[in-house]
Structure formats: structure tokens, C-alpha cells
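Listed next: structures, encoded as C-alpha cells.
What follows is a pair of complexes built around chain A, which joins chain B in one and chain C in the other.
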Partner chain A sequence: MDLKDKLVSSFLAFENRVDNDAYVHDVRSDAIKIFEENGFPSKKEEAWKYTSLNSVLKHDYSLFPKREEALDYRDVKKYFIHEIDSYKIVFIDGKYSSHLSQTTHDGMDVCLMSAALSKPKYRLVIENYFNKAASKDSLTSLNTAFSNEGAFIHIPKNKLVEKPIQIVHFSTGSEAATMLQPRNLIVVDENSHVQIIERHQSLTDNPVLTNSVTEIFANKRAIVDYYKIQNDNLNASLIDNTFINQKRESHASVHTFSFGGKLTRNNLNFFQNGERIDSTLKGVTIIGDKQHVDHNTLVHHIEPNCESHQDYKGIFDDNAVGVFNGKVVVEKEAQKTNAFQANNNILISDKATINTKPQLEIFADDVKCSHGCTIGQLDESAMFYMRSRGIPEKEAKGLLMYAFSNNVLSSVKIPEIKQRITKLIANKLGVNIGFDL
Partner chain B sequence: MLKIENLHARVEDKAILRGINLEVKPGEVHAIMGPNGSGKSTLSSVIAGKEEYEVTDGSIIFEGEDIDELAAEERAHKGIFLSFQYPVEIPGVSVTNFMKTAINETRKAQGLEEMPAKDMLKLIREKSELLEIDRKFLSRSLNEGFSGGEKKRNEIFQMAMLDPKLAILDETDSGLDIDALRIVANGVNKLKSEDNAVVVITHYQRLLDYIVPDFVHVLYNGRIVKSGGKELAHELEEKGYDWIKEEVNAK
Partner chain C sequence: MSKYTEDDLREELKTKEYEYGFYTDIESETFPVGLNEDIVRAISVKKEEPEWMTEWRLEAFRIWQGMTEPEWANVHYEKPNFQAISYYSAPNKKPKYESLDEVDPELLDTFNKLGISLDEQKKLAGVAMDVVVDSVSVATTFKKTLAEQGIIFCSISEAIKEHPELVKKYIGTVVPKTDNFYAALNSAVFSDGSFCYIPKGVKCPMELSTYFRINQAGTGQFERTLVVADEGSYVSYLEGCTAPSRDENQLHAAVVELIALDNAEIKYSTVQNWFPGNAEGKGGVYNFVTKRGLCEKNSKISWTQVETGSAVTWKYPSCVLKGDNSVGEFYSIAVTNNFQQADTGTKMIHLGKNTKSTIISKGISAGKSQNSYRGLVQVASRAENARNFSQCDSLLMGNECGAHTFPYIEAKNKTAQIEHEATTSKIGEDQIFYCNQRGIDTEKAIALIVNGFSKEVLNKLPMEFAVEAQKLLEISLEGSVG
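Now for the complex of A and B:
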């Protein structure tokens, strides 16, 4: 049985097992129909032209892994930004780990999706927000059909959440191959500010496929800063579907750091439903081997006087493949839109590939939109300059590549994250950057 | 210290240096002058180890060792420094961090421990004062948005930090106003000792009023066609290069 059939046929058993709420049941049932009709996307679809899922779909995934033994914090500490005090919502093979987590209900809810989906006190929030931003594409629908567990974050109005929230999904590979479908819902009300760090980490060499959906609602004047750290091992693949619905005067930023994994597809979608909204999408991708990272972004400018800033840098070595497909839609009503998009890439090896495709659909006439993509090698004159000062070739390359990705890091607001990312970049490039940051 | 014999070099298929002979001893200041396109910058790049240039004949001996096979960084580790005519902008790396990396990589190559942070700070303070560089300047990205004068002053600051045996200053005076020129020249003079040497590459003699050479060489068509004392620089300033060209072409 192929993976699609396996998923479809296990839907009823899944629904019988989890707590059933009529509203959520209807959403799930509709979703499985969409998936059943469309199946997994193929390269024939424009949005998947450069990314084939064939190699990750061939495994016989266990859909509902048994829970592995609890992890010892000391063994997994390095996967957290542990230098700062934070809330933590941690999952092991899709199941909540209370031992590793630190949740709260004190003036806000930082807790579990399974609780939010089943408990009456969350019903209103769920009915207002759950699956309201997510699109009806096949993979998102697949996740919706099996949505049960993940992070649920609800920040009421006028609240500055000082501690960042870390959402970490571990897979331990107790089964030969594991498929996970976490579902996160984040609602940030008027004037509130929250910072979230998300990571998927496989602790096994067995194949892991994660099809994740995150819905984020930034209400009036809310500020949401989201950091995705993708540094998984070479047998783990991730399809990340993130939908951000912004209301007027809100600011939302997503930084995606893609350094690892076998295949990573980021479907990142911003919808601007109000005036004077600011959306920021930034990414650094550094991969080698046969790794594949695909950034598929959408910024939908619906109302006037809004901005969006996209800046993606990529460094590709060995046989790595990168894809950047950045779509910006400016509706007729969205006058005075400022939309910027940049995608700069360095190919280190002759066999590395980058496919970059900006797509602008502009229906308004009084807008400023710019886009640019570059593909290049390292600057030879800069290399000679650095080497003539005694910096060896390898370190000079590392420093240049660090410098290349640096302006993406400059908008990271949490210093500990910046430091961690700098270290990851240094490790990835095999250099000692040689100074503290 | 530096002995160049019959040096021929080319870039791609174009021969640029066609038999250079030059000897620089510790404590000396040499000036290499010449019209545009005579090969001055090529000579400095070849000594510093730029890979695009291919040495086709002759040798460069530094402290008794043929350095032709050495990479640019290895030459730097041995004490060769090139001040660039056009310093390269490196966005995202501050002047301070760049210097720390350069110094510690050099120390590593020499089998030394990293320089303690305290000593590094002291050295930076001392040398930035010598070049009259503002502390704020040091945290800016290397050469990014620097004026021509700031870039050159920064080059000499780096020279002061690295304390080379042989410093080659390639057109260091271009883009400098008179005040900056004085600061740069003063810096170079203070760094000068009996143990190190300076090669000044310049089109004009202006800088040589401040950094006084022991020897002046005229480079033309890839060869040193005339050598003399500092008075040769004045003669060139007065008469230009045409008489040299005529002299050479007459031969």
C-alpha cells in the first residue's frame, strides 16, 4: 500500500481514537477528502517543479508511533536555546513531553493543541481561528485531517511576553520510519508581543517525514517574531506549511535558518488583512551533500499602505539543490504598497544547483515593488585581500560566507539566537570565525 | 630581505613583468615609480601572491627562501604585507574582528597561542591612536562606506597591527588629502626600523616628500629601466616620464 492509501485508510481509526468535537470533526473530514482527491503534489505542478517528494514518500512510515522512553534533558539540551529562560512545548514522536516542557496558563495560554481542540473553554478560539488561515492545498489538508497535537499559544491583548517560547519536536525513531504531523495554532491579540522559536530534531538515523502546519494570527498592532531552526540530520525531511494572518498595524517576522535535513520545503504564506502592516521574511540556507531546501513564499498585499521585506541568502556546496520561489501579490486596493524581495546565492561547487524564481502579480498602480536575485561565486578580490592579511583560504571563505549571510542575522532580535546561528554557520562552514559576537 | 631576479610574470596570455631585478635590504625604503600600465601594481600583487598572476621565469627570494610556491596567507605569515591600492569592502565583518582573525591566524601559523583579549585591545588602542583613527570606526564593517582616505588609513592601521618585515604600499597616496597623507606617512615612518623594509609604489613623488626613499626605481614596460637616489623622484616630477620612455626606446 502506498503512503497515500495508508493515510486515507487510517483516518477513521485515528478520528475514533482522539477526542471528538463536532466542529473539528467536520474540518478534519473535509480535509481528508481534499487529500484523497489530490494526493501528494508532483513535479507536474508549477509550485513543485523543482522539488520531488518521491524519495521521501517511498518509506513505509509509521503514522502513529508508539511513545519512546522519555528523553533526558541533558542529552537534548543542545537543541534548545538553553542560555535564556523560556517557555517550552516539547514533543517526542508527536506526543507531548511534560517532563521537558514548561507551559503556562498564567494570564495567557502556552499549552497543547490537543487540549485546545477538546476542552470547551477553548471552543470559541478554535472556532474563530482553527484552520482559518491554512490553505486548502493537499499537504496542508493532510495535516488538518490528522491534526491533533502541537503547540497552542493564545496571548490576550496588551501583553508583552518576555520569555520566548520554544516549540521543539523530537523524533526518536523507535519505528523504522516515522511520519509526524504537528499542528500549531498561535493567536496574538491586540498590542501583544511574542517571540517563538521552532525546531524539528530527529535523534535517529531512521527516516523521518514531518508535515507541519502552523497558523499564526497577529491581531491589531501585535508583534510576532518567529524563528525556525532547521538543522536536522540527513534522514529527516520536513514540509513546513506556515500561514500568517495579519491585522492592521501588526508586525510579523519569520526567520528561517536551513542548515540540515534531507529535504526541506518551506511554504511560508503571509496575508495582510489591514492597513499599515509590516511583514518580514528572511532566510539563510547553507547546505551541502545531496540536501535540498525549497523556500516557497507568498506575500498577499490586500490593503493599502503596507510593507513586506524578503531577504533570502543561500550557500550551496556539493550536490545540494536550492529553490526559491517568491510570490508577491498586490491587490488593486493595496495602493502605496512597499514590497521588497531579494534572493542572493553562492554556489561553491560546480554540481550545486539553485532555482530561483521571483513572481510578482501587481494589480495596483501606485506601489513600490522591487525584486532581485543573484547567483555567484565568492569574490576573488576579497579572497586575495583577506589571504594577504594572513587569513587562510578556508577561513577567508568562511568569513566571506558569514559576512554574506550577516545582514539576515542583523534583524534577529534575540542575541542568544544570533549567537547560536552564528555558531551553526561557523560549524557548517567548517571554520572558527575567530571572534566572539 | 627581498631579492627579485629576472622576474617574468603574466596574467592570462599577457606578459606584464619582463625581467625585474630588485634587492631590498632591512632598514631600506625603496620607491618604485613609473607611468600607468608599466607593471607597478602587478609587481606588488606578484610579491604578495595573487593567484591570477603566473610567474613564468625568475624568482622571488624572501629571507633566503623562494616564495613562488607559497600561498598569499603563507607569505603574510612570513612577514610580507601589501597595502592595497583599492582595499576591498567586506560587509558584515568589523575592522576589529577582521584584525583579530588576521593576527590570530598568523600567530597560529607561527606556532603561537592566540593573543589574549587584553593584549589585543591594548594593541588596537595603541595603533589606532597612531593613525588617529576613531574607536567607533573600528566597529564598522571593513572598508564598507569608507572614504578613500579612510580606506588608506585603515590599510596602514592594519600594517601597524600586523607589524610586517616587508611592507609594500601600492599607490597609498591616491585619494588622500594632505592631512590624511601626513597621518599615513607619519604612521609609516614611526613603524620603520632597522629590521624592516618598505617598498612604496607610486605614480607621483608627493608621498616621497614624507616617506623619504633610499632608492628610487623607474618601472617601464615591465622592467626597471632606471634606478637612483631620492633626487630621481624630483627629476621625474619635474620632467615627467617621457624622457625615460625616449631613453629606453632609443636603446
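Now for the complex of A and C:
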């Protein structure tokens, strides 16, 4: 039985098991129909031209891991940004781990999706926001159909959340292969500010496929900073679908750091439903081996006087494949839009591949839109300069590559994250970049 | 009934011939509508083609039958019914008009603005002309000069008869029959086109242009062009003309193949100004063209195009940089106004080492038109030191048009250096104000600014062409100032 059939046939059992109200039930039933009709995307679809899911879908994934695993904090501490105090929402094999987590209901809700879906007091929020930003494509629908667990964050008006929130998904490999479908809903009301860090981590070499959906609503003048750290092991694949719905004068930024994983696909979608909105999409990708990272971004400018900034850097070694597919749509009404998109890539090995497709679709005339895209190598004269001053080749390369990706790091607001990323980059490049930030 | 004698019959035949003569001839040369193997065969017979060519066409036809129309382009139109078209009609010998007075005054106005001579105006508008002594003699003198150098420049059907070895060797090598829906269709039914061969080491002394081939005018909607530049040769080829062509054909599916052998250089310039449909978006030509060039070692192919016409344009002049050190260039201006739709761009396929390509694309959209750039830059894993620079600029006039950019960049070699940049903007109010202030009215100011915007591409056109193209830009955008 292939994965699609397995998913479709297990839907009923899943629906009976979770106890939800009629509204969510309808949403799920509609979603499974969309998935059943369309199945997994193939390379024939324009959006999946350069990324094939075949190698990922061939495993016989267990959809609902039975055993409950417990983890000791000391063993997994390194996967957290542990230097700072933070709220934590931790899942082990898709199940909430209360002893690793630190949630709150004090003046705001940092808790679980399963609670939000089932408790009457969240009913209004769910009906207003749940599945309202997510698109109706087949993978997102698949997640919607099986949506039950994940993070639920609701920040009320005029609240500055002082500690960042970490969402961490562990997979223990208790089954031969696991498929996880976390679903996050983040609602940030007027004038509030929140910082969120998300990470997926598998602890063994057993294959894991994560099909995650995150919906973020940034209401009037809200500020949302989201950091995605993707440094999983080589048998873990991630399809990350993020939808951000912005209201007027809100600022939202998503930084994606892709260093690990077998196949990573980031579908990042921004919808600007208001004036004077600012959206930032940044990413650093450093991969080697046979890794595959695909950034598929969309910024939809719907109303006037908005801005968007995109900056993606990629370094590809060995047989790695990088894909960047960035799309900026400017609607007719969205005059005075300022959209900027850049994608810079370095190929280190002869077998690495980069496919990039930065698209602009513009229907308004009074706009400033530009995109730039480069593929190149490390500057030989810069290499020579450093080597002539006694810096070994490896370190010199590392320094140059660090400098190359530094632009993206400069807009990271939490110093501890910056430090962590710097370490990860150094680690990835196999060098010791001898300075701290 | 009176006796019907042999004499009567003779008489009748005589009068009949007298009555219809030349007209009958024309009528019999228009085939019934629809497309099947018999029609393909009949076209081949009509053109007195050898057996291999007939087979080649039939094979293309069979391939075409198994294909579907491409839908990926960013254009929307009512699909033509391929069974409702007549696939062969001989050049129309009957003049459309008796004198210039009968011609649409709007058309004449445009001619005057473009500065086209009266004789040429007549020719373009399809007015009967007494004797085109000048042009004919020009054409023949040119032919003589070319022949002295060993250059073959003739219609493709002539080439199939006279130089079958060359045609057989090269036709379909760059754009295979299987390439795409329209290329397959063209391969099956192409009516005529040009063939050009430049022998080794010859530098073609003049710009070759379809202008001079009067006898091959009106070759119809399925044109096939094949240009072969042998080792070390050079040729500059001009296609189309700046004057608006009131062609009634709905569908144009042409194929152009360029082959630049070692050290050769081909410069191919196009000005396309087919009927774009009226201001309400009714009518107009569908232009679905496959153009591709193959570069061998150290060779260079340069495409320059100015696209102002057609209701729907679907055109991607490409270069396959097969040989080491070969160079591909693409310079394009695409102007769309009213309800026009253009999806145009290029493909640069880097296969050889040290290959270079440059893409400069300028899109100008006005009215309710949609203008897309779609390009591919591909660097194969063995193409060391490949270099590409692409620049796509779009200018929007008015808030009902759209400009789109779809660049595809695929690199498989670490030594590749690729740069791509695109911008979209409108004409600055300050720029217009500056011109107004100095006594230049808004319309003229816009023409000036557009000219400046497209300068990089206009500069690549042969001189006479550039002047006309410049005026053409002005005319195409007339009345688009809000």
C-alpha cells in the first residue's frame, strides 16, 4: 500500500479517535478530500519542477507512533537555545512532553493545539483563525486533515512577550520510520511582539518525514520574529508550510537556517492584507552530501505602501542540490510597493546543483521591484590575500563563506541565536571561526 | 440538341482558358481546410519536393498528432482550431488594391511616420505596382554579388531542390521535429521560408534581408528559415519589417534554425510588427515561433529582436552553446499595448567550456497588456567557466497592465558565474516634469524616455533598422499616456 492510500484509509480511524467539535471535523473532512484528489505533488507540477518527493515517500511510515518515549533534558539540552530563559513547547514523536515543556496561560496562551481544538473557551479563536491562512494545496490539506497536535500561541493586545518561545519536535526513532504532521497556530493581536524559534530534530537514523503547517496571524502593528533552525540528521526530511497573514502596519520576519536534513522543502507564504506592512524573508543554506534544500517563497502584495525584503544565501558542496523559487506578486491596488529579492549562491563542488527561479508578477505601475540572483565562486584574490597572511586554506574559505552569509545574520535580533548559528556554520564548514559575536 | 463538334469543343476550351486562365490557377492552389497525411503529401508534391522531404514532413505530422498544445505560457487566448485552417495557399498574385487611395488611411499615416518610400508603401500595403524596376534590379545585382562569393541565399523550397545535401544535413538538427507542438506542426506543413549558406571563411558583404526577395513574398504562416554559417564566416540577417503588416492569418508558427560552425558568427535581427488586434482586443495575430541557434567552437550567435506586434507572442530565441568558447547573445525589446500579450525570452544552454552569454531584455507594457519575460540559463556539469549576465527591465505605463519575470537558472558546475537582475518601475514623474519644463510635451517626453530605456538593445540593430525601430516604439505607445 503506498503512502497516499495508507493516509487516506487511516483518516476515519483518526477522526474517531480525536474528540473535536463539528467545525474542525468539517475542515478536516474537506481537506482529506483535496488530498485524496491530488495526492502528493510530482515533478510535473511547476512548483515542484526541481524537487522530487519519490525518495522520501518510499518508506513505510508509521503514522501514529504508539509508544510514549520520555527524554532526559540533559540528553537533548544541546538542541535548545539553552543560554536564555524561554517558554518551551516540546513534542516527542508528535506527542506533547509536559516535563520538557514550559507553557503558560498567564495573560496569554502558550500551549497546545490539541487543547485549543477541543476546549470550548478557544472555540472563537479557532473558528476565526484555524485554516484561514493556509492554502488548499495537497500537502497543506493533508496536514489539515490530520491536524491535532502542535503549538498554539495566542498573544492578546499590547503585550510584549519577554521570553522567546521555543517549539521543538523530537523524533526518537522508536518505529522504523515515522511520519509527523505538527500543526501550529500563532495569533498575535494588536501592538504585541513575540519571538519564536522552531526546530525539528530526530535522535536516531531512522527515517522521519515531517509535514508541518504553521499559520501566523500578525494583527495591527504586531511584530513577529520567527526563526527556523533546520539541522536535522541525514535521514530526516521536512516539508515546512508556513502561512503568514499580516494586517496593517505589522512587521513579520522569518529567518530560515538550513544546514541539515535529507530533503527540506520550505513553502513560505506572506499575505499582506493592509497598508504599510513590512515582511522580511531571509535564509542561509549550507549543505553537502546528497542533501536537498528547496525554498519556495511567495510574497503577495495586496495593498499599497508595503515593503518586502528577501535575501537567501546558499552554499552547496558534494552532491547537494539547492532550489530557490521566489515569487513576488504585486496586485493592481498595491501601488508604492517596494519589493526586493536577492538570491546568492556558491557552488563548492563539481557535482552540486543550484536551480533558481526568482519571479516577479507585477500588475501595479507605481512600484519599485527588483530581484537579483547570482551563482559564483569564492573570490580567488580574497583567498590569496588571506593565505598570503598565513591563514590556512580551510579557514580562509570558512571565513569567506561566513562573511557571505553574514548579511542574513545581521538582522537576527536574539544574540544567542546569532551565536548558535555562527557555531553551526563553523561546524558545517569544518573550521574554527576564531571570533565571537 | 445541336451538333457538338470537335471545333466547338476546341473553341470552348479556348474561351474557358481565356475566361479563367490565371485565376483558375490560383484557386486550384488553395487546399481545402483541415490537416491530414494527404494534405501534407499534397504540399510536398506542390513544392516538387524529393521523396526524403515528404517522408520527413509525414514523420513530423505523426509526431504532431501525438502532441498537445503547450499551456505553461503566461498568455490566455482562444485556441485556434487546427482543422479549420487551409495549410497551403499559393502567393496571392492578385493585387489587393488598385491605388494607394484605397488603402486604409490609418495605415498610410503610419507609413509616413516611419518614413517609408512611396514604392515600398505600395508593396507593403499590397497595392498593384507597375514595375518595381529598382527593387528587382537591386535584388538581382545583390544575388550576383552573393553568388560570386559562393553564398547561397534563396527560398527553402528552392534549396531543397538545388542543394538537397545541405538542407538534408542541417534541417531539423537544431529544432528537431519533436521539439514542441508548433515546431512539429511547422515541420509538417511549412510552406516556404529562406535558406542561407555562407561558405568557409566568407564574410557576407551585406545585411541579408527578406526585404529583397520579392518573388518569395507572402510565404504564409508556416515559415521555415535555415541559416548555416560555415567555418570562419560571418553573416548578418534581418527578418521582418517595421511597417505594420495587415496579414489576415490568425496563426503564425515559424521555425528558425541557425547553425554557426567553428569560428563563425551569425547576427540575426528581427522586427516584428504583425497586426496586434484593435484597441478592444479583437483580432490580431497569434505568433508562436521557435527560434534556436547552435554554436560550435569559438562561434557566436546574436539575437536581436524588437517585438511590437501580434495579439499573442510566444517566442524564445535560444542559443545552444555546444562548442568551447562560444558566445550567445540576446537583446530584446518587447512592447505591448491595449490587449496584447507577450511571453518572450530566451534560453542559453551552456554545454562547452568557457562559454559566455548575455541577455538584455526590456519589456514595456501599456494599456491592458501583459508582458512576460521567461528565460532559462542552464550550465551543464562539463561547462567549465561558463559566464552569464542577464538583465531584465520592465517599464509599466498605467495601472491596468502587468509585467512579469520568470527566469530559470540551473547551474551544475562550480566554476559557473551567473548574474541575473531584474527591475520593474514606471516612468518617473520628475523625469516627465523635467522634459515638460524644457518645452517637450508629455508624449514626446515619454518617447524620449522609452528610447533611452531601450537604447542598449536598439544599439545592437543594424543602423537603418534602428532608426525605424525607434520610430516604431513611438508609434506603438501612442495614446498610452494617461
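Everything below uses one rule, namely that the second predicted complex is superposed on the first by the 435 of 437 C-alpha atoms of A that agree within 3 Å, B and C clash if a C-alpha of one lies under 4 Å from a C-alpha of the other, contacts with A are read in each partner's own complex, and residues count from 1 in each chain.
Just so we're on the same page, a contact is a pair of C-beta atoms (placed from the backbone, for glycine too) under 8 Å apart; a residue touches a chain by one contact, two chains touch by 3 or more.
Quantities reported herein were computed from a predicted structural model and do not represent experimental measurements.
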Joint occupancy of chain A by chain B and chain C, clash or fit: fit
Chain B versus chain C as contact partner of A:379, first or second or both or neither: first
Chain A residues touched by each partner, larger count belonging to chain B or chain C: C
Partner chain in contact with A:390 - chain B first, chain C second, else both or neither: first
First, second, both or neither for A:402, with chain B first and chain C second: first
Least Cα gap, in Å, left between chain B and chain C after the two complexes are fitted on chain A: 15
Chain A to chain C touching residues, read off their complex: 46, 50, 332, 335, 345, 347-377
Interface residues, chain B side, partner chain A - complex: 45, 48-52, 71-73, 75-77, 81-82, 84, 87-93, 96-98, 100-106, 109, 141, 158, 162
Residue ranges of chain C touching chain A (in the complex, touch as defined): 72, 379, 381, 394, 396-426
Residue numbers on chain A that touch chain B, as the complex places them: 379-382, 384-393, 395-396, 399-400, 402-407, 433-435
